[in-house]
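Labels A, B, C, D and E are assigned to the chains in the order they are written; within every chain, residues are numbered from 1.
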Amino acid sequence: MNSLTLLMLLPIFGSVAVAATPKAKETLTKQVALATTLIVAAATIAMAVSFQRDNVDLQFVEKYSWIPTFGINFAVGIDGLALVLILMSTILAPIVVLAGWNESHGGRWSVKVFYILILVLETMMIGVFAATDVFLFYVIFEAMLIPVYFLIGGYGSGQRSAAAVKFLIYSLFGGLLMLASIIALYVMSGDQGGHTFDLQALSQLQMSSTTQNFLFLGFFIAFAIKAPLWPLHTWLPDAAESATPGTSVLLLGVLDKVGTFGMIRYCLTLFPDASKTFTPMILILAVISIVYGAFLAIGQRDLKRLIAFTSISHFGFITMGIFAMTSQGHSGATLYMFNHGFSTAALFLVGGWMISRRGSSTIADFGGLQRVTPVMAWSFFLAGMSSLALPGMSSFVSEFLVLVGTFTRYPVHAVIATFGIVLAALYILIPVQKALHGPTTAGNENLSDLNLREKIAIAPVIAIIIAIGFYPAPLLKVINPASAHVIAQLGFTDPAPTNGDK
Amino acid sequence: MIELALAVGQTQTPEAVMFWILAPLTVAAAFGMLLVKKAVHSAILMASVMINLAIFYIAQDALFLGIVQIVVYTGAVMMLFLFILMLVGVDSSDSLTETITGLRPIAITAAVGFGGLMVSLLSRATLGRSAVGLQVANENGNVKGIAQLLFSTYVWPFEVVSALLITAALGAMVLAHHQRLQTRPTQRELSTERFRGISLANAAGLPAPGVFARHNAVDVPALLPDGSPAANSVNATLEARGDMLNSGAFELGKIDTSAGEEK
Amino acid sequence: MTTSNSLVYLIALPLLGAIILILAGRRADKWGHILGTLMSASSFVVGLYQLSQMLGRSNQARPVTQKLFEWISVGTFKVDAALLLDQLSICFVLLITGVGTLIHIYSISYMSHDHDRRRFFAYLNLFIAAMLLLVLGNSYLNLYVGWEGVGLASYLLIGFWNQKPAYATASKKAFVMNRIGDMGLSFAIMIAFASVGTVSFEGIKEHVHHTSTGALTAIGIMLLVAATGKSAQFPLQAWLGDAMAGPTPVSALIHAATMVTAGVYLITRSSFIFDAAPTAQLLVVIVGAITLLFGALIGTAKDDIKKALAASTMSQIGYMILGAGLGPVGYAFAIMHLLTHGFFKAGMFLGAGSVMHGMNDEVNMRKYGALRKFMPITFATFGLGYLAILGVPPFAGFYSKDMIIETAFNSGGTKGIILGSVTLLGAGITAFYMTRVMILTFTGKSRWDEEVHPHESPLLMWLPMAVLAIGSVSSGFLLSRGDALVNWLAPLFEEHGEHSELLKPIVVSGLALMMVAIGVAIAFLKYSRQEVASVAPEDVSVFTKIARQDLMQDRFNEAVFMRPGQHLTQVLVKTDEAVIDGAVRGVGQMAMGSGALLRGVQSGFVRSYAALILVGAVLLIAAIWVVTN
Amino acid sequence: MEFSAPVLNYTLLSPMLILLGGALIGVLVEAFVSKALRPITQLSVTLGSLVLALVQVWKIRNEQSTGAAMGSVVIDGPAVLLQASILIISIISVFLIADTEQFTALAASLPGSEEERHALQTGNQVTEVYPLTLFAVAGMLLFPVSNDLITLFVALEMLSLPLYLMAGLSRRRRLASQESALKYFLLGAFSSAFFLFGAAFLYGYSASITFAGIRDAVVGSGGNDVFLLIGIAFLSVGLLFKVGAVPFHAWSPDVYQGAPTPVTAFMAAATKVAAFGAMLRIYYTSFANAQWSWTPMLTIIAIITMVFGSLVAIAQRDVKRMLAYSSIAHAGFLLTGVIALNKAGLEASIFYLFAYGITTVGGFAIVTLVRDSAGEVTDLNRWKGLGKRSPWVATAFAGFLLSFAGIPLTSGFIGKFSIFSAAYESGAKSVVIAGVLSSAIAAFFYIRVIVLMFFTDPVEDGTSVVIPSSLTSVTVIFSMIVTIALGVFPAPVLNFISTLATFIR
Amino acid sequence: MDAANYLYLSVLLFTIGAVGVVVRRNAIVVFMCIELMLNAANLAFVTFSRINGDLNGQVVAFFTMVVAACEVVVGLAIIVTIYRSRRSASVDDASLLKR
């Protein structure tokens, strides 16, 4: 497998196949969807195998003229960063399909529509990370909102439509700001040698620092909303609360990564100087996100909202790692994106199973699940441990890298952020205690434990979490060259150890 | 407003006299249109404005237009207005009290602002060339000059205007023409209808309004021998509209002078 | 440096055991405990093998390493997953696996009625693995993994009976407070990387001489913070008492013998840093001194046998920390006390467990009494441990504790006198409260309830107790004979220079024994001569009350951290709702409101529309008027 | 002075002539063809002439001439593009107009009268709408190709008068329909008076009524610019009125709501193309050199228009009114194309006009489908749950709305992108920022409708979606295809526009 | 005699017409006011024609008259229709469509 375009087309073919399944045979529909996502995952892994690790250039590059009038190409290509994120997305997809086998029931529309949306979304997930044409990226960035919007609004629970609207409006707003910046880039490219949206070409543009700052903000705000970064986060808890667990996984695990991915790929590459200008401010926002998200998570009564706020805290870490401008911070942030995908997936999926069994997402309604449903409880516990970055879990490696990387340049930020790990212990252990420990409370006595399908779905997630926790090298080897490249392009070198000043 | 003064006008002084007499009249008439209550009066004032304008046209070497203004505009268009006014109700009068809050002050401010600003602007305007006058252009006669333009340079709009006229006619037809949707019954059919009806009572025709009543207007029902009103003597439309008068007031037997007054 | 391929088995065996037991689930109920014990025992065997290998090598060649794989490598931040077994770690390895195996055996019987016994053994194995990783890791980051791993195991084991909400809370408290300490370790690692560029013990040791004192002090203080968390030292000591919620074998293994001593390990392991950072070292001593008194004082007032022992543990670890803070002279004594303490305290905890086992899990000593007759073996083993902790010669504690007291006195100047006095005082208080425990539990009249039928524990339980009792008796003598341990460890630490000798060893021993005698006497007077109430009396001095409440440590934490934290959380939740989301919603409502307002322009009257057009035109004209003016 | 006979290039004028001819035939059909045959005959004549005109436009696509009608008409690339757009939009609008349910049976009858009932029973139809449509389309074709003020004025009236009439012909809620006709007419006449007054001043300023003459005067003027400015201002009032820019927009919500929906669709889409076409021509040719004077004005108006339209649309409860305000907002976006005053702006405007026009017709086509026993249901509250009842119709409408909102992969996005980038290129950054922000506001109400349709449970109140007639289906499907195709693969159209879009002067 | 005076007159008439549209309620009067505005424009055209010395202005005025005539037909037809439906020629009564 060495064609990104083909990889993007696979889910589309799958969605056509899903659409072709007879309405009565829902299981067949699901099987087709699962098969598609598995094939895509396999194809991605095959692609990853043939990826040249030490080559910092874009690989698997494809370029087709799309709208020549505006110099727009359908251009794709991946570096280590993109590869890791695509890998994460395509591995998560079959897990989500399998884990959410029954999520599509009780929605507004048929099962088929659910899987068509999921598969279309998968195409876009691949595309958004693979795009090397800014316009293409923007198109997918915005278009992705639509399937998610329908997934939340159509298959969610509670205030789903309000949450979906909030999500969409928020994201659109950010997207439009980015559009303004993109237009400006486009126009400038026209003034400096011909209209183009090629990322490489655009990064060579000459612009005044004021312009650069404004354009940077256009991009950054869009990404900060997406990521989300304090104080632009309020859509996330609502969306996560209302979405189905599977959707939440894709939303927080993959879509939100587009925000942090974009910060690296677009903000830093296109506007190196502005990035430097805004770094102090962004770091402060990131640190606030870490601590604030953690506190808010501690204060939540709803399990899904809690998980959402933990993610806000984690995105704070990722953002901090990105803007620390050290190779550790960068690689850590990238690895964090990957790991966060899985640990959030685990939390949401297991949390979702708990909620669907109990019929409530209020933490206080649970109690003593460990006695009743040990496997489910264990899965949740492990997911939680991953979320609080216990060593041995994948998130530890990334979180520590971020902290170390930040510390070497911005010790104060890193120190404050480290307090987040204590808060993390609280926000995970409080729900663990309330839901899993203690006497089995009324209403929880007869909950059933995970069935085979659910076990099969969660097993790879936990396996990946632990495996990467102990052996992150395969990923780091892919990530490191890309990170180093970005750092070097920005003109940064890692701070040297301060020893010898005695 | 500097260089617009016409050095050419041989009719300069008489024109000025005419202008200063007619212009105030025109403005007054136009202003009157806003102030009079009755629409008809407005129409008359409008007509006078138009005639004045025609004079101004002629004074400005636009003979053809002046004539057309009187013949077509004042003569035909204004008559159309009057005609419609008649249709709508010639004596309908407008209350001049403003019912939409705040509109009048806005209108007055806007008017004063508009007029004031425009006048002020005009006084500032310069053209950078002196006024020419139409002596040269009208060399072969004003009508001929216009015709020349109309049938050569502006032949396309001239043609297109015909489409406009057709549109207007078609539009008037659509909105006003009551198509007969079924053939009108012949006299024979009507009489057959009468005789084959439920009752022979009306075979000879419906009673006319006002019979045996003291008033023979169409909205006064005929009275039956017992003095009660004959409902079918009045047009069904009037009845439906509630415009039928109470016949009691018109009974022959009683002399009631006040009823007539009321009517 | 010598490499070995078998180090990993030390960790892998118990880890494998834990994984099998967790994954196998109920299927392993029948054989789980056996597998767990075997895994621990085989790890012990590997440890012994390694010891024999090590003994066969010269002093300098004793450390062995094993590089497993490259763990994290980003830029200059390179950390291998690698193990280091040297003279220091081997002590710990043997202690952990040895005592651990004994406790596994004990637990087979102790937990036999618990239908989650398999899970218990899984956790125990997990703990052994993590603890071994802690002591075997060759860098701070590897140590950190074990560090948090034992925290996790501790959490799981404290909360083993988490169906009781109080136990679940206790486990959470332990984890969170440990995390605060862990944060210190994180800081230490970060500072180390930022200033030295590496996080391995070897690497930092190499660079220590040209690293600024400031950085080293910072690292040292942060390591101390980590140690206080894990080792329940002041000010992060509050979790230990609550941690007694776990099954007693857990208390014996984790909260007495091994995990809580990790802080001592960390400080000794980092000797090269502390030696170069006197300020940090001084802080270590201060923390140790405070804690040893703090724990001892709490111990005097506790009626819960396990909590009394826990307070004692805290106090004893205070001794070790103090010892370790005394620099090169103290490290070996700290480790020695650690080892002897591992024996006698584990033995006493197991004894306490045995008592509880016979007393329907009653822990209140005021409901005990006269158990000597019913549980002779327990009494004997407990009593030996008691003598050891008191420091009565020739029991183990005598050798280790007196060394620390002596070193403290000899650390020089006023500091030496203060520290010596504190340690002496601590020894006296220790004697008091341990005697109190003995008296309340084993002597006097029985105070237990009708339905309780005390009985001696089965073989599988008393056997480990007996083994540990032997250790309590002999280990001190064995380790100090010919300065065996001191010499064994000596290559790891810097040479220590001459130190003044304030008091001769014999004087110190005399003083210590005198203090012990006083403590014992007071306890006898107070508890043996008069009736002990089966309910704790309320008319006690304010000091007793404070001591019963753990010297207000929980109240302090609640008042200073927890409640403000909770308030802050609530405030933030509300702020998020009202202010941040409120602002977002406000923008939306503003748009809608202005829409509704502007909608009023569309009044439906054609004349107002015309007016609008006219006004628009006027504005245009006005603009022109302005422009051309 | 000798009279020389005028020379008309009939080939170049043929699209308009065909339409006028078709209209005349239509008038004759009214007179001579039996009632039963009239609808089908009229429809065929109308469609036939529209298609023929389109073919004719295609044939002359490469012509560049100002001499088609003695200088009154200019045929160039933009002219061809605009005319073709208008014709395509008209064709799919006529498919909607062919829906007899929409028009009154007898316009002259009183609402609710016996006569009306009778006319309804006999299946009478006001087939005059077809020739009226053709006249309007002819006027629209002429509007953007006019090359002097007279022709411009005549074309303006020619496209307006039929629309005034058609607005009043609704079958349901006739009082509202007639009211909308009255409002449209009075305000339209009012604004054309301004237009004419402005034309007078331009004439006074330049001593010429041709666009070329005005441009020459602008370039080499001797006096000051007062007359020019007044002329531009008043002329703009007339043009801005037609495109529905604030504060000259007030007619459009009322008229959009009151008029029969097919007429609304037609005038919303086609009028906009024609009016903007004319505006582009006159601003890009005649006034180009007086840019300093009108760009600030248009910038402010554009910003107000976008923001106003978007904000007020939020508060709407009626789908047609909402679309009206949306069209106001779009007028604001389109004005940025005028402001841009560069080739990119011209191309973008033409693309936007075409894309927006098609989408608008599609959107209104959907509106015609949602009905209850009393006709169309335009109350948004009753659109709740439409996605459940008729998913395809709701999906199509959602697609159109997303295109209005400018979501990528729809034509609306490409349009917005191209027009904003053109404006940015010419330095009109404030407009771009305002446009982007109001797009965000606008997205809100489009999405609200989608929420209503898809995420709200239906209320059983008799609202249903009728099975679309085959012609309506064609309109909807065609609009949908174009909307998506122009969003996904706009390159051919953009290229085509780019090769043609240059005004000759 | 200054030809500009005609322009002032034209402006005044135009203003009066515009105000009339806003203040009068009778649809026919409103419409007449619009006619007044058109006439004002015509006067401007004629005046400018004279100033500029060419007849184009007069031709425009002529066209205006024709177009105005057509407009009158259509307008009056609409007004009559409204009147027949509502029995009122007041433009204020026609305010069903709003907000």
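Quick note on the criterion: a contact is a pair of C-beta atoms (placed from the backbone, for glycine too) under 8 Å apart; a residue touches a chain by one contact, two chains touch by 3 or more.
Everything numeric here is computed off the predicted structure, so don't read it as measured data.
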### Query
How many links in the shortest chain of touching chains run from subunit B to subunit C?
1
### Message
Looking at contacts between chains, which pair has the highest count of C-beta pairs?
### Response
B-E
### Query
So which chain ends up in the middle if you average the CA atoms?
A
#### Entry: Label of the chain whose CA centroid is most distant from the centroid of subunit A
B
### Task
Look at all chain centres (mean of CA atoms) and spot the one farthest from the centre of subunit D.
C
### Query
If you average the CA atoms of subunit C and of subunit E, how far apart do the two points sit, in angstrom?
95
### Task
Using mean C-alpha positions as chain centres, tell me how far subunit B is from subunit E in Å, no decimals.
13
### Query
If you average the CA atoms of subunit C and of subunit D, how many Å lie between those two points?
78
### Message
Please tell me the distance, in whole Å, between the geometric centres of subunit A and subunit C computed from their C-alpha atoms.
### Response
36
#### Entry: Touching two or more other chains - residue numbers and ranges from subunit A
169
### Query
So which stretches of subunit E touch two or more other chains?
7, 14, 17-19, 21-23, 25, 30-31, 47, 49, 51-54, 56, 59, 63, 67, 70-71, 74, 77-79, 81, 91-92, 94-99
### Message
Give the residues of subunit D touching no fewer than two other chains, as numbers and ranges.
### Response
107-108, 150, 154, 157, 161, 164-165, 168, 182-183, 186, 190, 194, 204, 207, 224, 226, 230, 253-254, 444
### Summary
Per the touch criterion, the pairs are A-C, A-D, B-C, B-D, B-E, C-D, C-E, D-E
#### Entry: In the complex with subunit E, residue positions of subunit D that touch it
107-108, 110-111, 149-150, 153-154, 157, 161, 164-165, 168, 174-176, 178-183, 185-186, 189-190, 192-194, 196-197, 199-201, 203-204, 207-209, 253-254, 257-258, 321
### Query
Inside the complex, what are the residues of subunit E that reach subunit D?
7, 10, 14, 17-18, 21, 27, 30-31, 34, 37-38, 40-41, 44-45, 47-49, 51-54, 56-57, 59-60, 63-64, 67, 70-71, 74-75, 77-79, 81-82, 84-86, 91, 94-99
### Task
Can you check the complex and tell me which residues of subunit C touch subunit B?
603, 605, 607-608, 611, 614-615, 617-618, 621-622, 624-625, 628
#### Entry: Complex contact set, residues of subunit A against subunit C
166, 169-170, 230-231, 233-235, 292, 295-296, 298-300, 326-328, 331-332, 368, 370-371, 374-375, 378, 385, 390-392, 396-397, 400-401, 403-405, 407-408, 411, 414-415, 418-419, 421-422, 424-426, 429-430, 432-433, 436-440, 470-473, 476, 480, 483-484, 494-502
#### Entry: Residues on subunit D engaged by subunit C in the complex (per definition of touch)
182-183, 186-187, 190-191, 194, 224-226, 229-230, 233-234, 236-237, 241, 247-248, 250-251, 253-254, 293, 296-297, 308, 311-316, 441, 444
